[in-house]
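My structure is below; once you've seen it, I'll send some questions.
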């Protein structure tokens, strides 16, 4: 299981701020998790479409598609940041 | 007559903060005034020696050797500034 | 090094006084305050909400400050960022850097702001006459961060 | 645009609050405070005296600020410089710039400080254990001012 968090526009679009996800067999990194979430269709497919700029953090550190995922990880999806 | 002011190290070296100077005939600009003051010898010669960095302002605006002088002008000699 | 994320406002004068107290080697304090503007992209803004990623925010800010401390000679830094609901003219962020000389203080302060703008997990949502909207990241912020070179 | 030359101390928090009050288009305030250090060139400094050229000081500062206002988009600026006797940790100078965006505020604030350091008629005299000495102008200050390019 990994804990998946969503922030800002993604949180609103997906109608949830977090969920527990049982990683299916082929999901071993951020890219494959993103691909798997996209497979839910609808807003998942549109918000996570390859052309969209989405940032991902794994265990509170910025990550990229190649970042490996392990049981117990916290993965966060969010738009480019706009604080300050 | 021009009013000549001295600041900081020059004020201390010359033992005066200002004086009225009747410009002698050949003194028409900052360079010739500097040369004329240098002619007083002693600290005047050493503090205003050509190798020394001395700034000059005419009527409260930074000037250089070629700046013309006229009756009633205020001329200030001082070291490079060090405020802030 | 102080990093705070809070809903409450902050007192710039008091914070700067605290930052420099006790170290007579400090000759320079550069600081920045970000404020909510009442207009954005031509739309009047009546309210702003700042969301963040609580588990990551402090860590991200501390990393940015540590990076600045590695690049410039600085004595101390302060970063305060507010979250929650804000209105026009409200203070959003304070970054202050204490150093012996002004060059280090200015560079580190601007660097921290540029990195904060692109790496710290905060998101702004504006309430305008045309409805609520998430603020879009600016291309210019990415460029500002890139000019520091980097990892 | 406010320029003040004074012997009294100043309250940074109050000054910054005043600078930004009444203009909800201000999104950024960059500021700088210069302080008396208790050491200079390895010598303990017990006192500092700031001399200036009263007839020229305001004019020089106003020209520097006007030059900054011509180069960057800024709403308002504040420059306060103290003169007279000061001691370690005392505030010497405050420069603050209010702008819509941080890039303009940072650049204008640093520019004003760099120009002030090379063009405003102030001179520092330090009292050290080895006696009184006039502070020498620094080569690095000339370089800092030059990098802004010239008129």
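Note that the chains are named A, B, C and D in the order they appear, and that numbering of residues resets to 1 at the start of each chain.
Just so we're on the same page, contacts are C-beta pairs under 8 Å (C-beta built on N, C-alpha and C of every residue); 3 or more make two chains touch, one makes a residue touch a chain.
This structure is a prediction, so every number in the text was calculated from the model and none was measured.
Colleague: Using the touch definition from the top, list the chains contacting both chain A and chain B.
Modeller: Expected: no chain.
Colleague: Nearest whole angstrom, what separates the Cα centre of chain B from the Cα centre of chain C?
Modeller: Here chain B and chain C have centroids separated by 48 Å.
Colleague: Distance from the CA centroid of chain B to that of chain D, rounded to the nearest Å?
Modeller: That pair's centroid distance is 26 Å.
Colleague: Taking each residue of chain A in turn, which ones touch at least two of the other chains?
Modeller: Touching at least two other chains: 84.
Colleague: Provide the list of chain C residues touching at least two other chains, using ranges where the numbers run on.
Modeller: Those would be 34, 102, 113.
Colleague: If you go through all the chains, which pairs of them touch?
Modeller: A-C, B-D, C-D
Colleague: So in the complex, the part of chain D that touches chain B is made up of which residues?
Modeller: 34, 50-53, 55-56, 59-60, 81, 92-93, 113, 116-125, 134-138
Colleague: Please give the residue numbers of chain C that touch chain D in the complex, ascending.
Modeller: Residues in contact with chain D: 11-14, 16-17, 20, 24-39, 88-89, 100, 102-103, 105-106, 109-110, 113, 140, 144.
Colleague: Where on chain A is chain C touching in the complex?
Modeller: So the residues of chain A in touch with chain C come to 5, 7-9, 11, 53, 57, 60-62, 74, 76, 78-84.
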